[in-house]
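Shared between the two complexes below is subunit A, which has subunit B as its partner in the first and subunit C in the second.
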Partner chain A sequence: MAINAAKLQASLQQFVANASNVQGASIVSPDGLALATSLPGGMDEERVAAMSAAMLSLGERIGRELSRGKIDRILVEGDHGYGILTSCTDDAVLLVLADQGAKLGIINLEIKNVMPELQRQLGGTAQPLSI
Partner chain B sequence: MAIEPAVFMEKMVQRVQLADADKALLAAEASWGKDVAPQMADIFYDHLGRDEEMNAILNATEGRVHRLRETFVEWFYEMFTGIDNWGQAYAHSRWKIGLVHVRIGIGSQHVVPAMAVVVNAVRKQLRQDGKSDELSDALGKICMIDLAFIEQAYFEVSSQAVLQETGWTQALFQRLIARGANTM
Partner chain C sequence: MEIMRIVVTGPVGAGKSTFIRTISEIEVVDTDRKATDETADLKAQTTVAMDFGRLQFGPNVALHLYGTPGQERFDFMWDILIRKAHAFILLVGSHRPQDFRAARRILAFMRYRTKIPMLIALSHSDIPNSWAEEDIAIALGYPSPHNRPPIVRVNALDQSSVASTIVALIETYAQEQAKQLNSIGGKL
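And then the complex of A and B:
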């Protein structure tokens, strides 16, 4: 199935616009290339893509090494908010940035809700996401 | 192992322009190479022994320097014989030498100066023994090919180790290097 890049971009933008406390999001390939991006101004899209892919991959490797099973998400929590990386399909990773006022439970639900649509557009196998 | 030694060898032969005439010259002087190899080893290890860091590596285990010296003599002679006419066996032998350099912890900054010592020493010996400039050039070329193998081994081992430990793809790793390099 061909990927409609414009539609994917629109879905991501809609997610960022509608989800509470979400500041930005990006879908990236395991090679660190951005597939769709809606990031706050000033962020380097290419660097964010490379770092997101690197982090998810490393997280999966750490998960395996520490016998944590399949990794559902990686959470970065800082003074100014959250960065949440979720495996979207075998060929895509979703990064979501949320501000410090975000409720993690809500954000996780938002991600769970948007995931089937993104997976459908990417033509990947839907992966069950626990929260 | 990400590189195929024989393919890498072929590329290096093209790049340094090691011609059939160079190979013929080297092969014709193989017995001279065998004769001078122990002297070259003496000069080489005398030079390395004067470097504190290298001296520690060379003498880290009992008998290591003796074994390395024997390997040097063999390596030097093989530059003349080409083992299998500078083919697959030669390439694999040079790749293995590169890996050994990485494994025993010889920093890459030691390799070029050390090879320069060999090149200079052998040039002096060639002049002293009345050998041709063509032979000197041919030997210089094969030294550079061997040096390229060692240098490549450092990169390959380092990058493969990172890929293995992180699970990153080769493309992602190269992207991160390129991004990082751009900001330096």
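And then the complex of A and C:
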């Protein structure tokens, strides 16, 4: 099934607009290319995608070498908010940026809710975070 | 035990990951991912964060080798890795003149941040139509033979070739150290 990039982009934008405390989101390929993005102004989608891929591959490596198993999620928590990387399909990873007021449980639930739709559009099936 | 950190950088497909895999004593920590951009025409897998290898160099020195990703979108990794490096190698494929510009940009990026010793290593120089050393030096912005970093040829697949490149880098490093010591000595 072909991927409708515009529709994917629209779904992502809708997610960012509707989910509370979410400031931006991006779907990236494991080698660091953006597939769809809806990011706050001033963030370069190319850099965001590359950083997500680098983070993810190191995280996955930690999972393997330090016996943590398959990685489901990578969370970066700063005093200005969260960056959460979640596996989407074999060929895509979802990055969500949330502000410091976000409740982690709600954000996780929002991600879980939007995931099937994104996966359907990307034409993949749910996979643990392995790339 | 002293640790010396060496960064191996250069454009996509120069052989950075291979270089580190060839010489490392430990199993290399790689972060290879399937390439989906124009890199895919060149190779199936590409480094997205870093490669890490280790090499014991004499009884008291351990070398930590860090390989960077080649694509410019990963330049934040170049920055992270070069910050704590003692010396770096710019690996350039002599058969890909279209990448010399990228190599020059990497060089400028590193030089803007640090003045640590470096050398240029030319890989793939056995391939027909690969450029001559002198021409590559000029293409990389070193027209004068008197004022350029050492340039060596390397076969990234050959352990002794990679080892002699590292020895050459350490010699350069030692010379720079001696020069600095002398200049301090001169002032006293």
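Heads up, the rule we're going with is that the second predicted complex is superposed on the first by the 126 of 131 C-alpha atoms of A that agree within 3 Å, B and C clash if a C-alpha of one lies under 4 Å from a C-alpha of the other, contacts with A are read in each partner's own complex, and residues count from 1 in each chain.
In the analysis below, a residue touches a chain if its C-beta (ideal position, glycine included) is under 8 Å from a C-beta of that chain, and two chains touch if they have at least 3 such contacts.
Just so we're clear, the structure is a prediction, and the values are computed from it rather than from any experiment.
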Combined model on subunit A where subunit B meets subunit C, clash or fit: clash
First, second, both or neither for A:10, with subunit B first and subunit C second: neither
Which superposed partner A:61 touches (first subunit B, second subunit C, both, neither): both
Superposition-derived comparison: subunit B or subunit C, residues of subunit A touched: C
Touched partner set for A:109, first subunit B, second subunit C, both or neither: neither
Touching partner for A:53 - first (subunit B), second (subunit C), both, neither: both
First (subunit B), second (subunit C), both or neither touched by A:71: neither
Location of subunit B clashes with subunit C - one stretch out of 76-84, 130-138 or 166-174: 166-174
Doubly contacted subunit A residues - partners subunit C and subunit B: 30-33, 46-47, 50, 53-54, 57-58, 61
Of subunit B, residues touching subunit A in the complex: 165-169, 171-172, 175-176, 179
Complex contacts: residues of subunit C adjacent to subunit A: 29, 31-37, 39, 46, 48-50, 69, 71, 73-74, 76-77
Residues of subunit A touching subunit C in the complex: 29-33, 46-47, 49-51, 53-55, 57-58, 61, 65, 91, 131
Residues of subunit A defined as touching subunit B within the complex: 30-33, 46-47, 50, 53-54, 57-58, 60-61
